[in-house]
Each structure stands twice: as C-alpha cells, then as structure tokens.
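Each of the next two complexes has subunit A plus one more chain, namely subunit B in the first and subunit C in the second.
Our next item is the complex of A and B:
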C-alpha cells in the first residue's frame, strides 16, 4: 500500500493537485493587485480560504483514519489526497502570502505549515523505504523468535563459561544482565549501542581466549562463537528497532506541529480581521 | 570427613524437593565449577568461592578469590569466619545452612538457590526499550503543549494587553502625533505579533501603536484616522459637478494600502488613472479633458493655460499647435532673441557687451523645481535703467506706476528750474544760473516753470515712447493732453501647465534651449513650451522598455489642490456619533 497511495486510482489526486496548482499560479500571474500581492486582495482571500480548507481537511485525516468504512472515500483516497494536496500547500499558501514574510504570527503559521509538510514528506519517504529494508533485515524469522534466540545464547554462554575462569564468567554475566536493545529515542534511532555489554564481552573473551590452553581454550573458543552469533543477532534487532523508530519518529513532529499550526492558523485568521 | 549436601529446589507448586549427595573430603569447596564439592552453578557465583574446613572442633569458612566474592555469614558480609550449627552461609544467590549431622555424615549442609537472577529472556526484555512511546512524552501532550504556548503568546496575551490593560482614555486626547507614539515593543506590546507587514516609512514613527489606527476590533481603519493629520487632502473632482462616489467617498485605505513595507503607500500605477481617463466620457460626459491611457502612447498634446486678456485677467487653455501656436497676451514687449544674442548685448554706461544666459533672469525658486518670478528691479534694471535726463544720468524713474512717473518728471524739472544750475543746453538762462544767491522775481519764476513744464512734457514723450517704458510695455495715449499716457497692465502666468508638475532641477542635464526655443523667439507673446514629443523622446508609459517608464503621477497629482478637502474635518466622527 505504501507506494501505491501515490499511484492510487491512476494518479487521480496528483491530477487534481496539478489542476489546483495550475489555476492558482495562473491567477497569481495575471492578477495585478493594488500595491504588492498580498493576502488581502480578492485572490489573496481566495488562496487563503483554499489553503485553510486544505489544512483542515488534511488534519481531519488524523480523525478519519481511526474510523473505518465511513464516507464514500476509501482510506487510500484520503492518504493519496493527503500526500499530494499537502505538498500543494507549499505553493498555494506561498501565493496567498504574496511572498511577504516577516517576524509575526502569520509567518509563524506559514513556518509551522512548512515544518508539518516537511515532516510529512519524511514520513512518506519512511513508508516508501523502511518497511522493505525492515523485512530484508528480519530475514526468515519473526522478531519474537530472535529475542528468544538471544536469550538462549545467554544461557548457552553461562553453560560454556561455567568452568572458565571468573574473568571470563564475569563478562558473560555482564553480557546477559547488561545487554539492552533500544533505549533512549536517540539510541533507538541510531540503531547502535556503543556500550553493548555483549559486544564488549565478545571482544574481551576473544582476547582472553588466546591465553588459555587445553580444555579452557576449547571452551573459550566455543564461547566466542556463541557470543559472536549473539552480537550479530543483536545488531539485526537494533537495526529493526531503528527502522521502527524512523517510521514512528516523524509523527512526533507531524502531529504536534499540525495542532500548533491549527492554532496559529486560527490566530492568523482572527487577527487580520481584528486589526482590519 | 563425610559431608551430606542436601540440594533443595522449590517446585512450581511451592513444595520443596530435596536431593541428597554425600561427599567425602578434607575440606568442602564451594563454587561454580564441577571440581567443587558443592556446585553452585547459577549465575553470580565465582569459579571457587571458598572453603569450609574443620578447625579447633568447629567449622570455619574461608573465602577465596580477590574479594569479589559475595559471601555472608548469618547476614553479615565477610570474607572468612567460624560457622556454627544453624548458621546460614550466603554465597552469591545461594543460602547454605549448617544442619545437624545425620547418620554417618559429620557435617550436613542444605543448599538452596534463594536469590535467583532472572531468566535471560526476561532480563533482556526488562533492559530494553524498543518503542518511542515508551520514552519521553506522548504526541498528544506535545500537541497540547505547543497549542497552549501559541494560543497564550499570540492570542490571549496580546488581547489582554491591547484591549484590557492598554486602553487609552479618549478624554486625554492630545496631539494625535504624541498619542501615536508607543515606546513599548514586543512582547510587552504583544499585538505587534499580529502585524502583517512593515509600516511604510513616513508612518513608522507610530508603527508600534496598532490601536492608534485600528481603533475598533473587526472594523476597517476609518478615514478620520488619516484626516486627523492629513486634514487638507483635496478631492480629485468636484462632487457637485461629477457624481463619482467611488472616488469622492472611497475610504482612504481603498487606495492607500499600509503594511506593504518600505514602498510609498500612494498609488503610482498607470492603470488606476487610465481606468477612468482612457474613456472619460463614460464617467463624465461633459468633461473637457481629453482621453489618455499611456503617456508614451496616447497622451494628448499639451494645452497650456495662456493669458488672453491681461487687463481683464482672463485665461484660456490652448493647444500647442504648430499651425496655430498659442499667444500669451501678457502686454509685455520683449524679445528673448535680442537678449540671448550670442555676441552679447550692450550694457548701458559700461561700453561692453555681455553675453546673457537664461539663468540671468530665470532663477530657481525654493526647492528648485520651478522658477521665481522675473522682477524688473532685480533682473532688468541693470541695463534698463529708467534714466530720463541726459545731464543727470544717475536720476531714475520709479517703476510700476504711470502717475508716479509723471509726478516724478514734473517734480524733477520744477525743482531743477526753480533751484537753477541745470546743465541743459537749450534751457533759459534763469534755469541755468548758478544755484543759490538772490530770490527769483515773479517773472523769472514763471519763465522757469514754463520751461520745467515743457521739459517734463518732452521727457514724458521720450520716456513713454520706445526708449524707456515702450521698450518693454504696451504704451498708449489716453487723451490729447500732455502726459496723457497709459501702460497696459502686465499679466504673466506663473505656470503654463498648472495641472502638471515638472521639476526643472531634475532635468538640468539637457540645456534650457534644448526644450525652450528662446534664442529664436522674437515676440514676448511666444509661448516657449516644447510640444509633447520633446518629453516622449525620453519618457514612455509605465511599462516602457526603452524609455524612462513614467506613470501619470510622475507629472500629475490625484488630490488636486484647487478642489475642496476630500473629507470635512470630523465628518466621520459625526457620522459615527449620529
């Protein structure tokens, strides 16, 4: 579905958007207002009304997508229109402004709109790209199995390290008790854990193993193999968490900024008439 | 010694299972690895934790390792110590209790994993945070917070500040300019966040005081705000003559758009004027004005306002038609050609020729856009000296009034005749006598005055003829009597095109004579204006590409100062009050 929302109904919403943009740009080109082009001319009011209606409709998507089977349009119609019409606002609202920007609440509303569209554009990119990468990264098994695999490896490590010196056993214990997946927002987004206890254990056990001989050396080598496999699995899980975080994080900007934009938009509309 | 080791395991249902092992050994070793007598395989136990051995009739525990062991005896952390019957020896997650000896065993111990560390999968899950909603704040709370900040900062606080805290008392109405100045800036003057664009330059001094112009919420700015300062702004047409309410009663702001930045708020676009003036008959059928839409393309030929009768002070607009050039009947006699002679003009009394230029007579007025009127005393009298008696060349006639001239002549010659000492050759002896000395007899006085009258009459005939007054003025005789002369009143228009503005100071690059054909003008009645083609050679309409783009207001004003003020003072205030 993720890429199909762009081609949905044979680009119907792209065509509608291009028609709106062509009309807006043509009107702006031939309109010769008194003074500079601005939001207070008949065309300014028209483009402003259109922009405001689009913003409210686009924001309503957040409500609509929680109601299944309501109205004539499919959710895909909404999603496809949401993408194209949302992007078209960059042009329609800019023409409404007449390219007049300043340090005021009106430009604040415009800036919030740009940020909402920017975060939405990232969201679209994320939905186009990351689900595929995510399934490639997951490979055959479901992620729940992978977690159990990791846990099993921790148990295997205890077993193998039982007769090994404490310096190794301590590392194995830390690799079990301190290994974490994800964490802070940044840790999840980075997909890496530079202080991963399992990675540290792998490196140090590998070094220690070189000093051992006999039974200890065999056990240490087996331990290194298990730890290496565990670290590899952890890397894949962390990558998976990263994709998930990237698929989620933009909404933490898109949605609060949309609500802020609705507030700023309301203030914009009220105040231009309050001080008419 | 023989040692019984009882491994206790808690089952799921809570029951405890026991598994006994008997070991025979010298000392009992505790630790993780299989070479210990008591194996403690759970995580958290060292390879070798310590040894229990007999000493002086009792048991003694001695820890091994580097002190990292987690050993306690009866709850007291320690590295070594005696152990009695019933003592609980803590080793990592295990509790080892010393039981009473059973059977052959000298020592009996129970081993129970009382503090197990978690399952490896549970530990991993507990350590991990894999969803963004598990950390930090929710989208919903972020949204509410952002909305609240914006509403408070840009709506609630500005409204409170502007409409509750900062109401000006109208009774304190003072000088409008003083009232307009507001010194607070954002965020105190929080409504400044609502400004839609920078205020134009001339109004910037009051740009911080929104409510000075925006008097009432949700009501457009009214004209009284403008006319508080701009009271004398005049109309474009006389509303009594032309019923054009769209330009006589329109709001000031319908044309003058504020908040558009540094550009002037006056309209300069050609289309604004041409919307009416290109088909003027549609809006004012009885107008004498000619249609125009673009200066470069269809501006009509100039029609200067010229004097048609200087005495009656009548004027007429006449087309600059090469076949029928307008004539300025100013009653002056004068030629530019003579004065602008390239070889100069003779200066009386100096025996020199002086080459004159335009600026010798036409000097810029204040500001330099136009010219100061030419004045006889200032610009002409150095050459046109108004002397009348060759023997007294320093004596000059006053300029400006015929009666005064005649009185001056009579008084001069009467005084000369009676006082004596005249150098006039053909005068009688009594007039030429040495002044002073004896009194004149009645007969001598009459003779002298008789000469004086004749001399004054002769001088008057000379003066009023071509030599003096007639040089520049139309002089006529008013009767047959002596000195019955009249000088026709002079009237020169100040500006031939009073509805147009032309700034001479900005056109100093071409010489005067490039536009004004003065050097060839042989008559004072010549209207020395260039035709429009002189202007259109450089200037085009608003969109001209290869000439100076010029709109209507480059030369014309919208608010014409010969009309009445567009708004009566307080008109709006009364309308609102009623």
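Our next item is the complex of A and C:
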C-alpha cells in the first residue's frame, strides 16, 4: 500500500545507511594515523572512495529515473536510498576530510556537496509537506480546467454588469482582461498577486455598490457574489501554483549544483593523484 | 409463358450474389432477383466510407467473387465489376411477393405481377426486411429520407432524426457536428440502443448538442415543418430535412408464406435447415443472415456452396480443413463428421445446437488432450474460458488447503463456469484424471451461447449452484447436506445500488454473492455509514440468521450483482448438520463483528469505501490509486506509461475525482466483466492469466470499446510520431528526451489520417516487473491494488 520514501520497506534504506555510518565512525575512532587524520591514509582513501562512489551513484538517479520499465527495484527504492545515503554523505565525506578545510579545490568540492545535500534536504522537506497542503487546497475535486472556470465566471460578470453603470462595467472589464495567473518565478513562489485586477474590482464594486438602490443594488449584489467566488478560485489557483513551484524550484539548484560537484570532484581526484 | 430457370436466387446480398456468380460459372440457367436498383442493399446502406470487415479471419473465402476488408465503396465496386464479368443474370427492381409450387417447378411472383418459374429457389433476403416508412400525413415530402450516406454532406441545416435505435442515434450524433439536430423518441428513454450509443446520445442531449423530444410521435409533415404530438399537446419543428430510422418489417411473414416453418414464436428464431441449407420445403434453400449467418464471408461461402449442393455435389463446408487441422490432435484419426457427431452425443450442453451452429462454435474453441494429472488451469488464474469433457474425466481440487478433497467430473460434464459467472480468479485447480479430450470455449462464445440457447443457461446454472455452494461455503460439504438448501435456493439479481435487505428487516435468508459485490452499511448518528465491502465468493445475511434477530445492517449492490439466495430454515438445517460449517460460519461472523465495531469509530474510512464504490471500484479487479499526500505531480507515471507503450500514455494522472486525499486517476480498472469486451467486432479484447485486460493487434478502430467504457480510459490513437534516437537528443538536442513525449506528440501530430486503433492500459503485460507507472513513481504515491485488499480493515484503519 502507500508508504512514503522515509518509511519505505520498513526503513530498509535507513538501516543500510546507519550500518554504513556506524562502520565509518567506528573505523575513524579506532584508526590511529601518522599525524592528523587526513584523506591520504588507508582509511582516508577508503572513505574517499566510498564518498565518490556514493556521489556517482546518487547522481545516477537522474538517469535511472528516466529508464522506464527496466530494473528489478521500484524507483521508490532508489529514491528512498537516495535520501538516506545522500544525507549520510555529510558524515562520510567529512570523516574523509579529517576536518581539514581550506581555500582550495578540495574544499570547493566539499562545499558544493554540502549545497547539493542542502538543496536536496529542502526538496525532501517540500515533498513531505506540500503535497498534503496542495491536496487540502484543492479540496475534493480536481481543479480541472481552471481557465474555462475563470472564463465562465468572467462571462457571468459581463452579463450582470451590462445593466450596471459604466464605472462598474469598466472594473469588470479590467478584472477580465488584466487578471493574470502564474507569471514570474517570484510571483509563482509567493502564491499571491497584490495587483490582482479581480480582487481590486471586487473591493471597488463593493464600495460603489453601497450607493446603489433598487435593481442596480440587486445586480451589484449578484456581481459581488460572482466576483467573490472568482477571487476565491483565483486564490486557490495561485496557492496551487505556489505549491507546485515549491515542489519544483529546488531541482533548479540541486541538478546544476550536482553537475558542478561532479566536475569539482573529478578535479579533486585528479589533483590528489598529482601529489603522489 | 414465364421465364424458366434451373435456379432462382432471391436477394443480391453477399450470399445471393455469390450464388449467382457460381451458377453463372457453372453455366446453370439462373436469375438473381433484387428488390432495389443496386446490388447488396444492406451494405449499400452503410455510411459512406465505412470500413467493412472480413471476419472471421481464419475462415477461408470460397466464392467466385472476391472479398477483402476495405471501404464500403471499394467492396461494392469490386462486386459490381465481377457480377458483370461473370455474366450474372441480375434483375433489378424485382421484389418477390410470392413463392409457390414445389421442387422442380416453383413459381415466383413479382410485385409488378411478372412471374418466373424455377426448379430450385435460394432465399438470401437477409434480416433487414423492408424499411418502415413514415406513415403520418405528408410523409411523402421529398425532404424525408430513410438512410444517411454521408453525414458530412450536410452543414448548417435543421435536421430531424426520428427513431431511438442505434441507427437513429448514430446518424443524429454524426450530424450534430455541423447541423442543428433534433431527435424524436417515441418513448421516454433510449432503452433499445446499445449501451455505448445510449451514453453518446444522452451526453449529446445533456450538452445541448442535440434537442430531444421524448414521448413524441410525428403527427404530420408539411414541407419544412414537422408537427409532433407530445405529452402536453402539439409541437412544431422547423426542418430542412427529416431522417426517419424506424427499423424494418422483419421478412418472417413472407418467409412463412412460402411454407417455411420456424421452430418457435420467438422473433429471434430462425428456420431449421439441413446441413445443405435446404428448408423444410424441398428445393427451397436459405442462406445468409436468415439462415443464422450474418457475416459477409460466411454468407458468400454459403452462396457458393448452395449452388454446389443443388448441382448434387456434396462438398464439405469451407471450414472443413480448419476443423480437420484442429482435430488432428485427437488420437484415432477420426473424420471431422465423426468427431462432431461424437461431441454432440457426449456433451449434452451442445446438443441443442444445429450442426452449423456447432461447427461455428467449434471453430472458436480449442481442443485439449491432456494426460493423467496434467493441469488444466490453476487456482487464482484469471482465465475465464469454459471447459467441456468429451472423453475422460477431470479432478477439481476445491479445497486450497487439502488437495485430497476433489470432485471428479466425467464425460459430458463441464467446469470453469464459476470464473465465467463471477469474472474473477479461478476458484479451484483442475487436472485431468486420465487421458482426456476436452473442449475449451472462450468467454465470448459461451456468453453468446448462453444468451441464445436457454437450455444451456439452465443446465449451467443447475450445476454451477452446487459447485458455488461448496466453493464459497465449505468444500467438504456432502451432497446430502446440500440437498435441502438446493431445493429452495434461487439466483437473485440486483442492479447496481439496489438493496438486498435493510437494517431492521426481518431475517429472510442468506445471500451468497456469485457475481458482483455489495456494501454493508449501518445507520450511525442518523447517517448511513458504510462498514464493509463484500466481493463475490462471500455471503451476507448470516448475522441475523445466527442471532435470530432483525437485520442490523443494510446491504446494497455496489454494481450489478447476482446472488444465490438460501432460505433461512434450510440453511439452518445444513449448518446444524455440519459442525465444520457451523464453526466456519461463526468464524466469518466474528470477523465481521470485529470489523464493524472497528469501523464504527472510523466513519471516514467508511466514506472512503462509499466514495470508491461510487467511482465503480466495486467492479474493478485492479485499480490505480494515488495518495495525494505523497504525489509531487512529477508525472513520471504518465511518462513511464508513454515510454513503455509506443509514446502514448494510457493514463491521465490529473483527471479523475479525489476523496480523503485518495485520487482515482483516469486509468483502466480491469473490470470483472469488462464493458469494453461487450461489443468488440473482431473480438480483440482479452483477459490474460494474471487479469490484465488488453487489446490485441486485430483492433479495427471502430471505437465501440471507447464508447462502452464508463470510465473513459480507452482512447483511439494513431500512434505517436517517431522520435529521434537517444544519441541525437543527447548530442544535438533534437526531439524529446526520455519521458518527454507529451509536448512532442502534440507538436508533431500525424495529420495524414493514419488509421486509429483503441489503446488502453494493459498493466504492462509484456514489461518484465509489471506496471511501469507504479514502478516509476519516486515517492510511492501510485499503487495498483485490488479493491478487496484496499478495503481491508488494516488498510482503512490507517487512514480513518
């Protein structure tokens, strides 16, 4: 049945990760190198080799994800392992470094790795948190064709506003033509549109309608109702877009940083061998 | 003096025309009498460009004329040409109104009074009969037509379609694309039409594409206007054209007037014929649809054969070599006729079939000659074919835990009916008890047989009842123990949503579900809360029976359901007589009590069952469910589907309803009794051993399955455009990368009108590892599951 990547297969990948970490920490504790612990000892090479292998394996996830209908394991196996083993790198690679940092390509590789893991950690947080919020925001039904829904409401607004004074009609027209959904990355991430023409129209129609009476007042009340529904829908759509953006945005850091990390790692390894 | 011929052929359809061709080839003096001014009126009336099939594929064509699948125009053109070339003597506008006389000197009278005499008569008039005409005043207006060649011919017109059958609906829906269409239905619903067409027309009316007058009758027609009698008076409809599809007067009356007898009054019954197609009137032969063979190829073969029979040449039917090949597997080198006679003698179920029907039935069947102990099928296989024992015997192992409990069935018996009825996995393993000769018949042939021959259904039900009782209650029940229950047991069917019994009702017996599924609900806090889902193979109603109390829950059919109703008193006798059964019933009851108490505190879980049942999950065998709290909307499921199925995804993740964070995407549920299979002309839809319902490559793209599927999971697709290889994508960025088919497909849509075929989820039948969508979900949001598993207490309590 349904289970998240954290608890998947009864924490199989957490258990594997903890075993690797326990072994690495134990080895580090009992290892007594000449001088300070560093990457050049037998343990340093072992931990370095392990870290490099892990990085390459973790990066391979991008390829595995796109190889459909192959392999014995589920993609969720890979994802669960990706999360736990990825986080474990923070410890394994740090042990490999022997806590020696400096302004050099080695520390650059380390820093890039930390950034990749950091962006991944945000991704994990996003994956755990936002799908639920998104689902709650959507309610029981799928939002469906939101454009058709919004357009339908705009048509209703026009219909009602035809019999109302021009000042109202102009607002309704603006609400139809100037209302935007989506937009820049920031707009999407914020989940709001402070300049939303529909919201503005709602407020102003309400203010104007206070003075109306008779049939105009009736029509204005109906208009406010439709506009309020439209604004509510727009708010939900924008929230939906926000959650989707939050679910996606971290990948725009995670992936390029991974590519940079692979480059830095390659240089790190080559230069280390030049010391020999 | 009337013209005299050796043979007069009435009707120029595929059979009559083929008979004429053969007669001409053999220099027999002949005449083909055609009512209209063209050949083969039934096919002539097909819609323009209709693709005509040449089924059954395996049957060879034996005719002087050619026939291959193709468009209506190509086929008719070819026939016209060949009729000419062979010099077939066709008389057009020659409607025969009377046939009298006897072998050697029949007299045929035409409508215009002309007469012919003939030694033999071949009747190939089909079943279409004469079209009913609009009878109201003004019905002869030139704007009234009785057929529609090409719906695209009309644009921007007001068109009235009269009728409520399939033809009327198909015309109305096709015309509504470019015209303002009204449909006039004499009744208040479209009950006569096929399910798919009914859905189509109801949707079109609901969307406002077509205006419908229900319970309306045409009162009069004047040019440009139709007046209707409607329940509240009269209504007038302005129209440019009226298309009346009022069906036809069946030709039975005419056939009977020729002296031909029908076996029953049933309007569907057909005259009895000799193997040479000769009727009870010697010298008068019947071929084609009227003889029970509605397919073009069969009819053409019969036309050829009937001429040979008349010439005294007792040729074997065209399917002889096929049956010969089939029977080769049998020991003893028997002839086809011998085997067929043997089957008729040994299998009572097939005795009521005519020799011709039996041959057709056998062509669809498979012969098995297992040795002792060979397995025929295994418990939990998802096959739904049906087996008959012609020779030998078989052991049915009904108890999963004890292989020594078996029922032996012998010559003339059958097995496999439980799976056929329930549409579920096999409930027992069957193996051959000795070297045997078995006949395996596919689901479709069996359903056709059950529907057309009442005796088959009755015989099957009787045997099935005993087996179902054993299988579902207790395998070790003795015949004596079952006997009292059997006497009162009856099969009761419930439509989807109907109540089997209500909370508070008095106990009236136990219901064993043999097909479909039910929900159990109780009133809690003034609301009906579903507390359980019970699929086929289980029973309900035992609680009131055991506790001698009133019903404490309401049971409703989740889908169309069939139950075996067992009267309380006799059921009590049976239970009292068998301590083993008593404890079995008690054990199930206690499980039910625990479940229901637990569900009491979790109304939300009950609501999930209710929601999913409303989505039709009750008839699913395997359904894709997405947990929205885990789904990150990456669409990797859709991408995986497209990548493993030629670039076209068969699932739509986002579409579909959601309840309590469970999303039901648009994807096949592999129904117990698949709606898509109901009306597939080439029989291209099958169920694999593990339950996957799939479409094979014989699909002709007719779209019936797409229309019949209530869940909208079948699409017609002409395949994805070719995409550049992985290398050119990586090096030069041409085309889409892995999983990026959607945008590419849209941008590179095939515009050449390449033929479309139906595509649907096949649960990755041929992909090792199973469903690619589920396997490609990185977060575990997508699962495929059977409703029973999903509705289990442990699963629901985790959500409730």
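Convention: the second predicted complex is superposed on the first by the 266 of 276 C-alpha atoms of A that agree within 3 Å, B and C clash if a C-alpha of one lies under 4 Å from a C-alpha of the other, contacts with A are read in each partner's own complex, and residues count from 1 in each chain.
Keep this in mind: a residue touches a chain if its C-beta (ideal position, glycine included) is under 8 Å from a C-beta of that chain, and two chains touch if they have at least 3 such contacts.
Predicted model, so just to flag it, every value in this text is computed and none were measured.
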item: Room on subunit A for both subunit B and subunit C (clash or fit); value: fit
item: First, second, both or neither for A:134, with subunit B first and subunit C second; value: second
item: First (subunit B), second (subunit C), both or neither touched by A:267; value: first
item: Contacts of A:100 with subunit B and subunit C, given as first, second, both or neither; value: first
item: Which of subunit B and subunit C A:256 touches, first, second, both or neither; value: first
item: Which of subunit B and subunit C A:5 touches, first, second, both or neither; value: second
item: Partner with the higher number of touched subunit A residues, subunit C or subunit B; value: B
item: Partner chain(s) touched by A:244 [first = subunit B, second = subunit C, both, neither]; value: both
item: Shortest CA-CA distance in Å separating subunit B from subunit C in the superposed model; value: 9
item: Intersection of the subunit A residues that touch subunit B with those that touch subunit C; value: 244
item: Contact set on subunit A toward subunit B in their complex; value: 32, 34-36, 38-40, 100, 102, 104-106, 108, 147-148, 150-152, 154-155, 158, 162-166, 169, 173, 176-185, 188, 241, 244-245, 248-249, 251-252, 255-260, 262-264, 267, 270-276
item: Subunit C-facing residues of subunit A, complex; value: 1-5, 8, 65-72, 74-76, 78-79, 126-127, 130-132, 134-135, 138, 140-142, 244, 247
item: Contact set on subunit B toward subunit A in their complex; value: 32-35, 41, 43-44, 46-47, 65, 68, 117, 119-121, 123-125, 127-133, 135-136, 139, 142-147, 149-151, 154-155, 158, 191-198, 210, 214, 217-221, 255, 257, 260-261, 263, 265, 267, 269, 271-272
item: Contacting residues of subunit C [partner subunit A, same complex]; value: 625, 627-633, 636, 639-640, 643-644, 654-659, 661, 663, 737-739, 764, 767-769, 772, 774-781, 783, 785, 789-790, 795, 798
